[in-house]
């Protein structure tokens, strides 16, 4: 009965954690009265829901989907059309409830498309989801009446007259409140789902579909149900996007959007419930902050992603979890000097690489990309890219960084392995 | 005429899907970045053609792509392999993303002027008032040549026999599996080189732009699913089938209403579906075919394996 | 008279041109412990795969408690009260021992695909999983991921998952393979305990285990049952001795 006590404590801790996050989410825009921050937070809130819904498939059921944007996009389009239909006759209350409609739209899309895709798992599922995604994206261009063609569909989230307890959703801050409320509800619901028989059997199907069949479960049915539910939450996220930006284009349901949510979720960590939250926050911030600084942002993003796949396939959440385990075992202190030691050469290496990439971009990307001054701005130096000097410097820095990283990184790795084996030794 | 065009396009698709199938059968990796190598082939060939002309590029560009592919296998995939199939798939996915960005970086975001060489510019023959360009004939020649070479390689050489064994008895080779990393590297390099060659001859026939990989990539996946995962014969049939569907449907301008009128059904006027022409439907036809196949014949046309 | 737990008649299985099961007829009585022995490659595991619908049958009939089960899916057969273990450990590697067992009991307790029950609130599932965990001696490993258990512990968990749902027909495929002497003794005691009052069919190579546990033994040689009888009778059966000593046939190394 020991487990019961710890269970209760854990639950109280969890409540505190949830409450803390909610309070933080509401406090942030009040503390910094910045329009930019509010817009950023709105985007983060939406992406958190989207990424969590994606991880219901990838992390929890083991389904790698390349077409998740379909459900997100369906939620967005249906919401936008509903918004336009209710128009003048609506009320802020109906607007506030639209994400539910979007969610149902995503769910319906899941019912129809999931029937085809979830017949298979594994690689075949990945390919089929890609094909279905392309099919829907191609359809979007074929039916401009519904999908709005190139220009998309737009609307106005302030409908009818009057307000709901003083809210019209017009100002961005009010919109943010709506997003936080929905994101919070959706997150709680998705977490609760992981604690139900279906949620647990999804894990079982992910781990070992054959065994799941031999304890009485139809794996195809489990995958199908999870996809439908995941479609619902993706639809909620899409709906929030539609209300937030007041425009939906076919971009929302194409392969690019599907790719971004996959990257976010993976980078955050698919093995933990909170992983996608970290991923959504990090990638959205990077997208907007780094994206505002350099045109090469997508290139950095791609490199970062490949780095994560090769070095930390469990994502950021797993790195955090390992540090926490080290901390609990009293081994964390031992690793700190190693982390600090390896940080320096990595920074040197990064500086060299960034220099090379930025200079290449400035030189090669040519007109229309704002080339020419990008590199000089970022590095706060006036560089003459037609002379060998800066190139040699950048290559030199990169080479030195690489050599140092290899040298010191080797020691860090050894220390790391030693710490890990002590950790697992303790456990066994 | 459409048939010839369809076969040309289908053969091009097969150059891509055969490499994809070989890699999948041997290594169990679905190479998401396969079409990126196709794109690299086109861009390399373009670059070489601006320096020393088209003909050297025809030979050099695929080789370069193959070397890049082998390097990717050696230094990237082999590492990702340790973390399982999902990591491998994600690695190739990230790679596709990266290749597109690098292409943006080096060659810009708009299409480059990769032209058909003057020697091949012109009409081969004219049939029913439509002309068949020499270059299409050249593409067919190269594709068929490559097909024959591939066939010879598979049936007459030792490596070919091992690859064939892998196609029919994947478990057997899995047992050998990790002892043959060099063959894996060769297959991956070879498969990507094939994709590169397709890029060299396809890039100037269609268009060489950063979006070309994404455009062709999903079609190639459809081909592989329709043909049956891991089946070279299936990939061949499906390539031709989809090549022809694509070219035929573009040439047809009858609308859905007309189609239904033939079978005696009148669709309500003004509905959007009714006004669509087959041409407008062209982009979705391959995907519809795929969905149909999945529902009625999940193994694919000639696939032997269930999943 | 009640139908036998399992009735197999005229069962055949071909892989391409090779016949692996060449016409098996076998009745498993209710409540008996039945062992299937035979040389390597005789088709014992294949027979299990056919009964549990992991492989499709080429020809013949299989009845489970009087009901035809040919053409059913594995999960459907499981729901009819047949549960099996695997020769190669087949567990949920990333889930804890407790979660493994809880997954195994959910269906039989009627929770199906529910996403409206909270797992933590399902006392019956928890108690049953804990009882099985106690039974198989893994209570102290409750929260350990199954993937990092020792081999013997994983084998015990494999048996635990198999019996947890309360199925009354249990198929165990080489439950003691790869175990040390003392581990085997523990496993035998465990099997004896948890299959009390149930029908057990097991494939086993360890003759000590077979003759210690089984009420009846069937000998499968080259895809056919050459004898089914009580242990003592099997021990002195001439055909069985011939098969095992290999005087006339040497089928040992042909398959698998």
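The letters A, B and C name the chains in turn, as written, and every chain counts its residues from 1.
Just so we're on the same page, a contact is a pair of C-beta atoms (placed from the backbone, for glycine too) under 8 Å apart; a residue touches a chain by one contact, two chains touch by 3 or more.
Bear in mind the structure is a predicted one, so any value in this text is a computation, not a measurement.
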{"item": "Mutual neighbours - chains that touch chain A and chain C alike", "value": "none"}
{"item": "Chain closest to the assembly centre - both centres taken as Cα means", "value": "A"}
{"item": "Length of the line joining the C-alpha centres of chain A and chain C, rounded to whole Å", "value": "44"}
{"item": "Intercentroid distance (Cα basis), chain C paired with chain B, Å", "value": "47"}
{"item": "Averaged-CA centre spacing for the pair chain B and chain A, given as whole angstrom", "value": "31"}
{"item": "Chain B-facing residues of chain A, complex", "value": "58, 62, 64, 66, 116, 119-124, 126-128, 130-132, 134-135, 138-139, 141-143, 145-146, 255, 259, 262-263, 266, 296, 298-299, 301-303, 305-306, 309-310, 313, 357, 360-361, 364-366, 368-369"}
{"item": "For the chain C and chain A complex, residues of the former touching the latter", "value": "52, 54, 73-75, 78-79, 83-84, 86, 90-95, 99, 102-104, 106-108, 111-120, 122, 142, 148, 161, 164-165"}
{"item": "Chain A residues touching chain C - in the complex, by the definition given at the top", "value": "3, 7, 192-193, 195-201, 203-204, 206-208, 210-219, 221-222, 225, 229, 428"}
{"item": "Chain B residues within the chain A interface of the complex", "value": "28, 30, 76, 79-80, 83, 85-87, 89-91, 93-95, 97-98, 101-102, 104-106, 108-109, 214, 218, 221-222, 224-225, 229, 272, 276, 280-281, 283-284, 287-288, 290-291, 294-295, 298, 307"}
